[in-house]
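A, B and C are the chain letters, set down in written order, and residue numbers restart from 1 in every chain.
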């Protein structure tokens, strides 16, 4: 037993906090992520994480909670993307890239100021690559509250969200405010990204957002199943990652151990690759690699849900 | 600012700008913002790995950049999945973080790899860097016309025997080459801005491809020089200045384009020519 | 006028994703001829053109250009695809795009010779594109862009020009203009034309031959030979009537038959 669970794993307070925060943020990310993948917004999701980086590093500099900084950055980024997203596809990628670049550049500045200003070392590492073992336990209630908020938003808008990903026209014709739904979803995404930035860092939170969701969508047929599988995958990879990271403290000669985020991201990546294997895929009749297919599945999901 | 070790910085910076401008012209033309963002992130892992193995970082950068380019090329053949590219990108970053955590100098290394370092290229590395840069520029010169056609009208190019997939691959390799030599100075996370902003801005000022390319290089040069000077004076990261100035150039370009179009519309209205609606 | 046809399509069969699209299609295009490839939407005109260009592999049959199998390097074929979207931000003038038709296949940067520049000017003049030659390609209207693409294809002086549905989505007057332009240019440059369309009436005045495509099969010959009830009925597999009125042609099936496969102009008015 001690080979797998090194000394002190279950009794260590930081580990317990990490497990709770990790599980909750992974769950939220997975749920939100399924919708992101179904709506083919993976690039936007990734862009949000970079803007969240700016928010987090700025907040750190001003002495505010990085969590709120991440979320704030995400919300502002979501707003900016909403404005840009109206234009046609081509300019969107370029404009998004420029906005991303500026956001990251600002993050660079804040991180530099972080390291020179205070005695704090490792700001870059913590903010970008995660600090789940050093999270202040008092933030747990905040994390839980925000998670509940994000999940509530998604639960509220899940049907119009799916419908609008198939056809915005159709959704509008039903009297649903497509723009409003989009904005609400962006907020949910920003909160989710902010939360997972605490766990695995802002640069890597894309993995928690998209990974379990993308893997799950490939092997499930209905929305409910996708959500469950994604959630399970997210939490499992996070917990395993925390375990390995804790253990690696003992494996590796240097004092640090490998970052938790590395393990979590690797596990998610492996899970995703495995979801593409033939024997896994054979369980599904229809491949879900493109939006058309996911739209049909969404239609099925809608039928199943109503 | 212009003596001693800074001479390195100016020389390398100039080369970086030339390559960034030349390659950036096609990045913008082909709408390849995402690969331009993703390949350097792969390079980050390579540099971190090289650092761990105590070998020349350029080797690590090169190997991983090329790997990332080939990977993206292979993935896009099967119909690009944004999810998979994003995951692979993030995996590379995580790997880089892991490599760095195993070495003793965690924090400063991360920072300069991600966000740039004026003195990112040491004297001994100038020659390989300049050579790589020259290779990039020559490659673009050789591929110029076919690449133009395949970028603008791939169907017509295909009918002429120019396979767009081949050129996509070739261009990704060029981006990889450019990444290898530019990342040490500007940083893996921010180098893509140098390949976007100046080229996009140049497009706004001229209708001609050759001039747009030249403009792209010119604006990139101004960007880098200003960035180096500001970074030297303020000690703030080079990458920060590069990204901000690139974005500014883009903003100026778009602003000019908008003003120009409005002026044209007004002129056509005033001259009251009824052109055949063809 | 040589004896060898510019294009020989011989028993060409093509399937896409397992679905048969073309079934032993055979026809010739002779030097300088204007041939219309007529068929309704989705019948396989684009597939046929792409196979001729070598972009699509046939199941069986062959394509010969001037008697030899097509090689990608040969520039005997010019191609104007159906729809090309060019972003208005692309920094390329119409004139430069046409010039690119000369040497897009050349690696390296060589200066263009004065004769080449003159040729570009000449062609721009002949397709009536001088007016907007210095404008950005992406800023031109659909019809203007089309002329530029035609010029681009012509500048390498091919023996055969292939156009995929150039008349779709054009208003009647523009249709007339383009058809007249193509006819004029074909005569002037001695180039054969193979043009696909789903409505043949605009082409009747200029077509030398027609290839009528339906259900994967084709009938080819002059309009008089092909556009007849007996020939088309055999092609369709059920009876169709060919009506001629005021120089226009109308192909109708009997009431009750499936009219889907018959190329019709939706707002054809007689008289």
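Note that a contact is a pair of C-beta atoms (placed from the backbone, for glycine too) under 8 Å apart; a residue touches a chain by one contact, two chains touch by 3 or more.
Computed from a predicted model, the values in this text were never measured in an experiment.
Undergrad: Per the definition of touch at the top, where is the C-beta contact count highest among chain pairs?
TA: Top-ranked chain pair by contacting C-beta pairs: A-B.
Undergrad: Quick check for you: compute each chain's CA centroid and the global CA centroid, then name the chain with the smallest gap between them.
TA: Minimum centroid-to-centroid distance belongs to B.
Undergrad: In terms of CA centroid distance, which chain is the most far removed from chain C?
TA: A
Undergrad: State, to the nearest whole Å, the distance from the C-alpha centre of chain A to the C-alpha centre of chain C.
TA: 51
Undergrad: On a C-alpha centroid basis, what's the spacing between chain B and chain C, in Å?
TA: 40
Undergrad: In whole angstrom, how far does the Cα centroid of chain A sit from the Cα centroid of chain B?
TA: For chain A versus chain B, the centre distance works out to 27 Å.
Undergrad: Check each residue of chain C and list the ones that touch at least two other chains.
TA: As it turns out, chain C has residues touching two or more other chains at 89.
Undergrad: By residue number and range, which residues of chain B touch two or more other chains?
TA: 200
Undergrad: At least two other chains touched by the same residue of chain A: list those residues.
TA: 90
Undergrad: Quick check: in the complex, which residue numbers of chain C touch chain B?
TA: 53-55, 71-73, 75, 77, 79-81, 84, 86, 89-93, 96-97, 100, 103-109, 134-137, 141, 143-144, 149, 152-153, 174, 177
Undergrad: Where on chain B does chain A make contact in their complex?
TA: Its residues touching chain A are 28, 31, 33-34, 36-37, 79, 81-84, 86-91, 93-95, 97-98, 101-102, 104, 106-107, 110-111, 114-116, 187, 189-190, 192-193, 196-197, 200, 235-237, 239-244, 246-247, 250.
Undergrad: Under the touch definition given earlier, write down the residues of chain B that touch chain C in their complex.
TA: Counting only chain B, the residues touching chain C are 29, 141-146, 148-149, 152-153, 155-162, 200, 202-204, 206-209, 211-212, 277-278.
Undergrad: Can you name the residues of chain A that touch chain B in the complex?
TA: Chain A reaches chain B through residues 37, 40, 42-43, 45-46, 90, 93-94, 96-102, 104-106, 108-109, 111-112, 115, 121-122, 124-125, 128-129, 201, 203-204, 206-207, 210-211, 214, 252, 254, 256-259, 261-262, 265-266, 268-269, 272, 289-290.
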